[in-house]
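These are the structures, in structure tokens.
Presented sequentially are two complexes of subunit A, the first with subunit B as partner and the second with subunit C.
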Partner chain A sequence: MKTCIVRKGLPRIDAIPKVSGEAQYTVDLKMPGLLVGKILRSPHAHARIKSIDTSAAKALDGVLAVITAEDVPENLFAFYQWQADKHILCTDRVRYVGDEVAAVAAMDDDTAEAALDLIKVEYEALPVILDIDEAMKPGAQLIHEGKESNSTWSVDRLFGDPDKALAECDYVVEGTYVTHQLAHCCLEVSNCIAKWDKRDKLTIWTNAQAPHTQRQEVARVLGIPRRNVRIINSTMGGGFGSKLVMDMKLPIASVLSRLTGRPVRIVNTRSEEFTTAKTRYPYTLHLKTGATKDGKILVRDLTLIGDNGAYHDKGPATINFSSMMFGTLYNVPNIRFHGELVYTNKAMGTAFRGFGNPQVTFATESQIDELAEKMGMDPLELRRRNVNHPDETAACGAEVCGCAMSECMELAAKEIGWEEKRGKGAPLRGVGLANMVHTGGGGRFYGFNSAEAIIKLSDEGTVTLITSALDMGQGAHTAMAQIAAEELGVRLEDINVLSHDTELTPYDLGSWGSRATFMNGNAVLAAAEDARQSLVEAAAEMLEADPADILVEESKVWVKGSHEKHDLSEVVDHTVNEHGEPISGIGRFVDHLPEGYTIPTAFAKNIPCFSFGTQAVEVEVDPETGQVNVLRVVAAHETGTTINQTMAEGQLEGSMAQGIGFALMERLVHDDEGRIVNDRFLDYKIPNIGDVPEMKAYCVESVGTRGPFGAKGIGEPGLVPTAPAIANAIYDAIGVRLHEVPMTREQIIKALKEKRASET
Partner chain B sequence: MKAFDYVRPSTLEEACAVLADPAGSAKALAGGTDVLVQMRAAGLRPSVVVSLKDVPGLNFIHADDDGGVTIGAVTPLGAVEHSAVIKERCPAVAQAAAWVGSVQVRNRATIGGNLCNAAPSADTAPILIALGAEAVITDGREERVVLLEEFFTGPGQTVLGRGELLRAVRVPPAPARSFATYLKTFRSAMDCCTVGVGLCATFEEGSAAIKDVRLALGAVAPTPMRARATEALLAGRELDETTIAAASAKAVEEAQPIDDIRASAAYREVLVEVMSRRVLTAACAWAQNGGRG
Partner chain C sequence: MKRELHIRVNGDEYHLLVETHRTLLEVIRDEIGLTGTKNGCGQGECGACTVLLDGEPVNSCLVLAHEAEGHDVLTIEGLGSGDTLHPVQRAFVETGAIQCGYCTPGMVLTAKALLDHNPTPTRAEILEGLKGNLCRCTGYVKIVEAVEAASCLLEGGEIE
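Up next, the complex of A and B:
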């Protein structure tokens, strides 16, 4: 494919504002009359609220409003309204440490904090349940009164005949795998300013990954018309899924603003971010894999219990997505999947980069190695015999069009030195690899998947691109600008991307699920095509040529065969000022549910395109301290067409670092009372530059997707296979298999001790 | 963060006077890498913050006539890490300094701050204790000197009285045929140590027999501690595998680790054994190699 701007590793268009500090984040905004809002949060994981006395706080000088449940609408909220279970402020019960109990608006920080200290809440402690097994015991304390049990949602999927297949297998392995709560650790914490104006319009400045759906959510919980709510984003400092569903500070700040008549800002402290900004859903996975003696995987059976935390959010969506990826990987013909969500008195889970897939892939790809071991087969060879192929439809309905799984796997294996090192590396060193499949374009989870974009040219030929693709640091704006510039034939620096205001941008589901490049990119491409058509017509008229002979490239316009190149600005100036006809374009991409989609039989048809990938790692383990040193990670991921090489590699590298954290370091730890004890970076460790090993990211191009220029999303896949690759490498190094992440030093020491005991 | 006053005194007397004022709760600020974190997140609310940056005579590394080194309290750890004098006379101190945080942290963080913050895990403490370093303390008028091993009185607590500052740390000259090193274990780069072990072993001429030894442990007790029973076990003994094993086991006996987010007490005991063994094994190899690394 000959391209000028797409498929180049061009610098990000927001690099200079970010590096120079000019970029404005929501916390940088200043506004006349701005008040400080703060939330009083529950110190108990589970308790009844007996009374709240706000009189002293209200009497404090500089306090403008103090609110409790009595002052906010009574509506219950959850991402899915049918699961609504959370009030804006707790009414009579708190269900996790950090639950919102009351809030204040004050002149400044110190006063707001002092006011919180003056609110007297009387609690009556209730039994605290932190563990899913305990929560599921018959007769367990109910976390939500009136429900039948703490098990709050479940799903079953069955494809083929797993029981029959199990009987036909020569080898079956079975195991339980455990993952824990993780924090997203965005450098920019969750924060907002709400302003309820005199016309009853509510404007919220925040950092939303899905401003349009959050606008609906705010309206829903406040019981006000959606048309009255406007959300304005600023530069964002990370999302990773934590900024997808509305945070309660939005309606809380809104009510405080309505009561005071002034804008109110609420900003999480880092501790609040760790304890209340929601987490990755922890899974406990009971998995069985069966294969024939020639290495064909016939069946997979998974029972997965997700720890929901205290309230509903993205749990069902996450588990459903897990089931789709589980059913698609290796095109296994017989699949049984049971997923279940269980309430506990912990912070609620939400979307998190990978959306349930890293947890499941940790289990499935660890178990492939266990199966290979049992069969006496090289794990790479076992994978070779089961790879997904292009143009296959999986039992679960997944329609895999483009697929470069084999290429990714062979490349990663070669680059890590699989043949030379596996099973024969230096002592205490090991290599391991893992595959994955992920969506490369979001999903039609809302019954549809669509996007729209608008382009307008100024009278000087610069381009304003209005897209709903949010840039949270992943580079979506640059990718959108590249797509528009390529199609229109203008220079990248002539494009200005606007995506920050729900009054400006078309309705959109948001930036998640590796969706933006595929969905919004297609809409941008269509808008650019539309604008290009007008541009070509205007040029043809001005240059007295046939539109079919007009060429536009790098903001120059000329007639095929002629050497006389005109600046694009001449053409635009001509058509605007001679004819009064400015140039613009609108594009829409609607991705309807395909034929044959039904939930029980063909659920995974929901996914418009799949992206495959492999990671291979080399580790060194100190058997006396349990320290795992990741020496190298090689990632080979399918991109369809790589829109921007540098940014795609950046996405993969960032994901691998996050994957190393998931594998070896990260976990929110609770004490017996349910308080998170590692609520700061001193105690909650994420990999930093000193921990990140040599990384090599390969973007493997492939054909067969409907993405813009054939591109697929690459935002999420990169952390999906990292943890099992590391687990497999640890096994290769020291012969112990860990079934729980993070694989800490202590766990490794314990596992080695058990291994020695079992050998003697 | 609560509002507070900020002063930048230009003499030691002035700084100590502000710190001594019983009306307020003043806090000295050197690099601020502990103070600011504690003010933002850990509820430290001083009424006055006293910057030491403009106080002359606190940022220096001096080669003493006796062969030792004196390090001003407000010397950045980056300077300690790279100092030619320190690398020559007490390289293990440079090595320990290099273990603290990141380049950026070490450019701000000072050696005095690391010691006065008195974290049981402070990375410079074990090796300085093992080397027999002294703390030079001033109240702005007079100085007193205490052994660093007696400087710490509890987590975050030192012998410094109200109005007193640490002016310098004095590292005595290294005895002939002595080997010193610091080993740190951590969960990730830029982590407080899970267990730190500092060793200074002096050997008899031409052998691996111990003449004098100091072993100091970090993050296994309320303060950085000397492992005196282990030292007693080692004194006069020839370092070999058996002795090293016995000494490492003894170190585990004297350590009093607790469970915290970084590690369980049981795992810290594992680390004390492994790390003690490793530093002693390194010392033994050094001695057997005729005092070369």
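Up next, the complex of A and C:
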């Protein structure tokens, strides 16, 4: 494919504003009359609210409003309204440490802080449940009164005949795997400004990955018309899934603004971010894998319990997505999946890069190695015998079109030195690898999947691209601009991308599920095609040529065969100023639903485009301290067509670092009363520059997808297989198998002790 | 209690009346209005608020504004000259070391200070020098490349 702009590792279009400090994030905005809002949060993980006295806070100079549950709409909220279980401010009960109890608006920070201290809340403590097993016990304290149990949702999926298959298998392995709560740790905390104006229009400035659906959510919880809510994004300091579903600070700031008639800002402290900005869903996974003696995996059986935290959010969607990836990887013919969500008195879970797939892949890809061990087979060879293939429909219904799984796996294995190192490396060193499948184009989970984009050319030929692809740092704006520039034949620097305002951008489901490149990219491509057609017609008229002979490249226009090149601006100036015919384009991409699609039955048919990948790692383990040093990570992931090499590598490298955090370092730790004790970067360690090993990212191009120029999304896949690859490498190094992430030093030392004891 | 504060930021003199408990970060962002310096944690643990105080990197959230009385502060807005990026900034742009960009100003200033002291750092020295600046997006691979590239640019006689 000959391209000028796509497939080049060009610098991001927002790099200069970001490197010079010019880029404005939501926390940087200034506004006349702006008040400081703060939230009084529960210090208890579970308690009854007996009384709240706000009189002293209200009397404090500089305090303009103090609100409790009595001052806000009574509506209950959850991402899925059928699961609604959370009030804007707690009415009579708090359910986790950090739950919103009251809020203030004041002239400045210090006054707002002082006002919070003056609010008197009397609590009556209730039993605290932090553990899913305890929560599921018959007769356990109910976290939501009126419900039958703390088990709040479940799903079952069955393909083939797992029991029959298990009886036919020569080898079956079984194990339990555990993951914990993780924090997204965006460097810019969750924050917003709300302004409820005199025309009853509510404008919210915030950092949102899905502003259109958040707009609907704010309207829903406040009980106001959707048309009255507008959300404006600024440059975003990270997302990783944490900014998909509305945070309660949005309606809280909105009510404070309505009461005071002034804009109100609420910004999380870093401690609030760790304790209340939601987490990755922790899973406990009971998994069985069975294979024939020649290495064909016949069956997988998984029971998965997700720790929901205190309220509903993206739990069902996360578990459903887990089941789809579980069903698709290796096209196993017999699949049983049971997923369940359980309430606990902890911060609620939400979307987090990988969306349930890293947790499940930790279990499945660890167990593949355990199965290979039992069979006496090289784990790479076992995987080779089960790879997914292009153009196959998996037993679970997944329609795999493009698929470069074999290429990714062989490349990663070669680059890590599998043949030379596995089972025979230096003492205490080991290599391991893991595969993964993920969506490369979002999903049809809403019952539809579509995107729209608008392009207009100025009278000098510069381009305004209006797209709903949010850039939370992953580079969506640059990718969209590259796609538009390539198709239109203009220079990248001539494109200005606008995506920040729900009044401006077309309705869209948001940037999640590695969706933007595939979905919004296709819409941008269609808009550029539309605009290009008008441009070519205008040029043909001006140059008195056949439209079929007009060429446009790098903002130059010429007639095929002629050496006389015209600036694009001449053509646009001509058509605008001589004929009054400005050039614009609109594009829509609809990912049509497969025949017979229904939301409850669609399962893996929800995925329009699958993306495969492999990571291989080399580790060294110190048996004295239990320290695992990851020496190298090689990631080979499928991109379809790589829109921007540098940015795609950046997505994989950043994901691998988060994968290393997931594997070895990160976990929110609670004390017995449910308080998160590591609510700061000093105690909740994310990888710093010295913690990351040598990492090599390979973007493996493949054919067969419907993405723009054949591209797939690459935002999430890079952290999915990291943890099991590390677990497998640890096993190769020291012969112990860890079933819980993060794989801490304590776990390693304990496992080594047990191994020594069993050997003597 | 407010007290007079005389401070030089990016070469400009400011005479302000500032409460004694305000941090340098608050004064730079809220009083002077330079928002390129970011608040990531407010606890000196992420490095996003790094500025150069008399050429040395500090977490401006941990420095009281009045401690900077009479001193020179360089923020990201003061790096480079006019429309020209400083070589460290250019290297960050060209190597793709920026994603969300929130850690970038602090990262760039820390890197500049490192290169001022040690124009040709080894990889190990780069890792040591930037350990206090957290980034959640990039995995740091391209940040290391950027510092190496900046070192080459500066060694090649690029003017600051």
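As a convention for this text, the second predicted complex is superposed on the first by the 754 of 760 C-alpha atoms of A that agree within 3 Å, B and C clash if a C-alpha of one lies under 4 Å from a C-alpha of the other, contacts with A are read in each partner's own complex, and residues count from 1 in each chain.
Here is the rule we go by: a contact is a pair of C-beta atoms (placed from the backbone, for glycine too) under 8 Å apart; a residue touches a chain by one contact, two chains touch by 3 or more.
Remember, predicted model here, so these are calculated numbers, not experimental data.
Contacts of A:R270 after superposition on the shared chain: both subunit B and subunit C are touched. When the shared chain is aligned, subunit C comes close enough to touch A:C185, but subunit B does not. Of the two partner chains, subunit B and subunit C are each touched by A:R680. Within the superposed three-chain model, A:E649 lies in touch with subunit C and out of touch with subunit B [touch as defined at top]. In the superposition on chain A, no contact is made by A:G735 with either subunit B or subunit C.
When the two complexes are overlaid on their common chain A, residue A:G690 makes contact with subunit B and with subunit C alike.
Subunit A is touched at more residues by one of its partners, and among subunit B and subunit C that partner is C.
In the superposed model, A:P547 makes contact with neither subunit B nor subunit C.
Judged by the document's definition of touching, subunit A residues 269-270, 680, 682, 686-690 lie at the interface with subunit B and also at the interface with subunit C. On the subunit C side of its complex with subunit A, the touching residues are 29, 33-43, 45-46, 48, 75-77, 79-80, 85, 89, 92-96, 98-105, 108, 126-128, 130-144. Per the touch definition, subunit B reaches subunit A in the complex via residues 1-3, 37, 41, 102, 185, 187-192, 261-264, 267, 270-271, 274. Residues of subunit A touching subunit B in their complex: 109-110, 269-271, 624-625, 627, 665, 669, 677-678, 680, 682-683, 685-691, 744-746, 749.
Subunit A makes touch with subunit C in their complex at residues 9, 11-12, 14-25, 27-28, 30, 184-188, 235-240, 269-270, 472-475, 646-647, 649-650, 652-658, 680-682, 686-690, 692, 695, 697.
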